[in-house]
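I am attaching a structure below and will ask some questions about it afterwards.
Letters A, B, C and D name the chains as they come in the text, with residue numbers starting at 1 for each one.
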């Protein structure tokens, strides 16, 4: 019997990617689609790549429209999920693709988002220690941010194995879809093609506390994070270059072994063979994560690099993966390991 | 019971896209994979996006390796398919993704390819009049060229309805994967990013006789084709802008009606609503074709524009669609209508 | 003694490119810079590539601010130039980079722009027959549209030599800067990277009457134009593929000879050697035009292809070239023939 | 009286960019152009953007051809400069754009390049302390690598002011032209568009010892460098994200002040106003360097980010700037501060 899923925020990039995945999910039937300023419009003009849904009309985002589905995905601007969620039945699986329920620390939330903290839900990054247990049977799930997904998967094996000092330095390059579909001058094609540029430098990016939360949990001690995001001239993908000083006595062999062990049974996270490096193109449109790790003896640092598709594993694919776990479906149902390349 | 499929030429772009599709095809089991200079290598280093096949080793392209499969896909350089094909059993479904068996006219073949004509196989563009009948049960199929796919689907409704004069003028923009994976200086990223350039201008492109063949068959009279291909700064996709003078007395309503009628029941070819135009991004990685048509009264011309993914509908998707028909499977098995966008 | 130049509309793409060129012009001193919504802001935040002008503050676009300069460039939205221009002294050289004064036919203007016709100024495409004479000493100049520049230069030699039938078919690919700097969803980097798409199909593009005007003048008879613009995934550049049936008796030699003769003495328009084709990357940031021409005997058509930088030769470079002529400076002062490639 | 300049290696990207700059240099006359496998060919087919030199024919790279010029630029593969240079007169200004004479430590050279060390020449990064003195009147100059240029300019102010701990962590994104014009499969447009990927991770990149050399000299103590280069989907540009722990007691004000002081009089290196970040598009085709710096108090790190054009300031522009100093010309002759954007 099909799972009926509603999507709030169906006209944006996260909502569109989610619908692309749900269209290929054998156990899901797509129910209500809602929008805000686009309510009343056909999806065909808003998401022209979703041909099978071209005739569907967006409804307004209200609890009335969304309730009664088995699963409700919220792809709403930050700060809008709580109000909708509390009106939905406790038996409805609510999956928030926004930030509202990701952070455990209310002070962090208020500092970075400037509004009262709504709470903390089970965290939809199944690969982290203990996460699958928390997700099984859950009826509320907070999908991680795209950068924290890429960074946490790259570094948690090192921290969990006690190989890295608790000061992580991260530079990540993201495709422009991470910045959303609202038209802004600096996101015009004319501006971004041929250009790399940083933003949110110096600790200001909102995904920083989420990384600190994940890495500190893995390390069992507080980890600081110096995070620099950059905008890359591509529509999708995150390449996260993460490093930390190695703890004294660490060898290259220790590092390799820790990653092999931590990732051995993961269906979506692939530690590449030595000598091969991740590329965002290789995971384009897929839920796969490519990881590689190196130990730079001269600098005394461990470098872990991950590539994900920010819209798939980084958002909508992570959401579907978490839904599968919550509902007791095989974790990889409807999710692809194969990138669309070249 | 699964169909066992072998792929000759698994390390190139056409072969890689085919494997991506076959990995998602519920009725296919992937058998032997062969290469030429890459025989003996693991696929993981050659096609890093095909993670589920990363450990598979390429075998040499010989009849011994390929025979015994239910289906053999040939993704070989032009001129090499005939020799392999004739060594394979008559009951094997051989699907040639090269040009060798596309043209009916031996003189055309010799003029454009400079070698003796190998023959003509059923033509794998199911949307053309009569094509599905020829493909059903076939054991030899010639997959069309990517440009002829885009152009023929854009213009056959006009010619079949007798609305267009037999002189077609076509400009098409193709992504760089159409030029293959052999390293050449003019195909370097440094050269193609930020640049549009034509090639094969003035009637010299090898796909021209194939377009003439298809359009003349639809029109029931000889059609001339002025075809200008251009290389666009994107990895995939073809946008074909096709036009012809309208026959006297044609109205905009006649044109719209002819296209609606011709394409009404096609699973993959979508005539867009009036006012919406095709975009290659919307069909990225999918087997869908977006079509729109206009009548320019001042110039007296009918303009039909199509967007396809050159590697999917233009090559590997067309091959799988034809395989499905030949084997009696539902035509859309394993094929997506949904583009990977943005 | 330096020519003092003011730029109205300094925060847009056309204004920015003009300032880039004026910064390198040995005879020009940059005077007032004006903006509309950006008045009061520093240029450094709006045009970060114009480092030498980073500290300049935009003034409001008023006749008071602009008058008193030797040259005033108007890079304003269509329909706003006339009001400013009529308040400027007759001795001021006013160069309009908008459309307002390009068309000779008031009915065409009203049909395509929907407002009363403001008049016709000498046309700033010096390469057209008679244009340099009209520009010498002029105090009002209308800079051509970017598409008409590319198309007229590609086809006027054929029409002037009587080699082409008066029905031109044109497909042109433009970089996204041609659509301006106003943020719109379909121009986001996420949307345009990896995508080709048409717009204004079927005779609706506003540059069509301007092409008809130029080609008809060259041919000495009315020429119809079927024009399809497409948006290409690159920031700059236009590649125009133009064709027409050859007049009976035309030979490939006639065509080549006509182009060699027409373009022999042009400083910026280069007919490439046979076998080499234009590429937009080769003229990136330069005022050069690359042209190549072919005769397709089988289709009976002449194909002329041009590549320009839409912001340089297509807008700001054409404006400076015309200014040089009007002021009696060497025509190529401050203008480069060298593209920024790769 | 014009300086006569020869260019060895005129068909590659570095040679092409150098010629673009020399064409605009008022004091230079372009003499012999040489190539290796391309000797005998016209430049027009190899560098189609250099229209004014289209008819020039490449000569073989021999001392006979090169000697007798005032300046000889060597844009040759690593390891080939020494043999040519020693055959040229002592009065000839020889500017090596390769790596051969950059490193002071012979052991570093041998470790990273695998051949005997050829020597050390004055280092063509005029902004480093003491560099201009060494370059004035020099007749042998080693142009820095593109990455070391971006990184050294970003970090030397911090090290010279004693604000940073001697462990630098650097991630840099480079356009594909940095990898040269030799056709390789992983550099095809199909592979690089839409993809970010790292290479030379873990201390293996040949530019690492050059960075260590520069930063250690600025710091007055040995600095370790953890350097991760990444390939970005753009033809040109380097964005270098550089960080180090701040020395105890450092404040944000100290950092800003140190950078303002160090860069105040530099003609090409611009410290951006607070709140504005570098972008590679802003320095496209120019010799300008954009720098911004931040202090992340929570992580205790100083982050300095620079953007350069790898072919201009990173190679050919740096070479011309150094030539100007060596010859006693104004340092900015023939060099632009204005990027080609958008």
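As a working rule, a contact is a pair of C-beta atoms (placed from the backbone, for glycine too) under 8 Å apart; a residue touches a chain by one contact, two chains touch by 3 or more.
Everything numeric in this text was worked out from a predicted model, so none of it was measured.
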- prompt: How many hops, at fewest, get you from chain A to chain C via touching chains?
  reply: 1
Field: Selected interface, B-D versus B-C, where C-beta contact pairs are more numerous
entry: B-C
Statement: Relative to chain B, the most remote chain by C-alpha centroid is chain D
- request: Compute the distance, rounded to whole Å, between the mean C-alpha positions of chain B and chain C.
  value: 37
Query: What whole-number Å value describes the gap between the mean CA coordinates of chain B and chain D?
result: 45
Query: Multi-chain contacts in chain D: which residues touch at least two other chains?
result: 13, 175, 177, 181, 188, 190-191, 193-194, 233-236, 279, 281-282, 284, 342
Task: Show which residues of chain C lie in contact with chain A when the two form their complex.
output: 13, 175-177, 179, 181-185, 187-194, 233-235
Field: Partner chain C, residues of chain B touching it in the complex
entry: 167, 169, 171, 173, 175, 188, 190-191, 193-199, 201-203, 224-226, 228, 230, 232-237, 239, 241, 243, 245, 277-282, 284, 292, 294-301, 303, 305, 307, 342
Field: Partner chain D, residues of chain C touching it in the complex
entry: 13, 16, 20, 23-24, 44-45, 47-52, 54, 177, 181, 193-194, 235-236, 270, 272-273, 276, 279, 281-286, 288, 290, 336-342
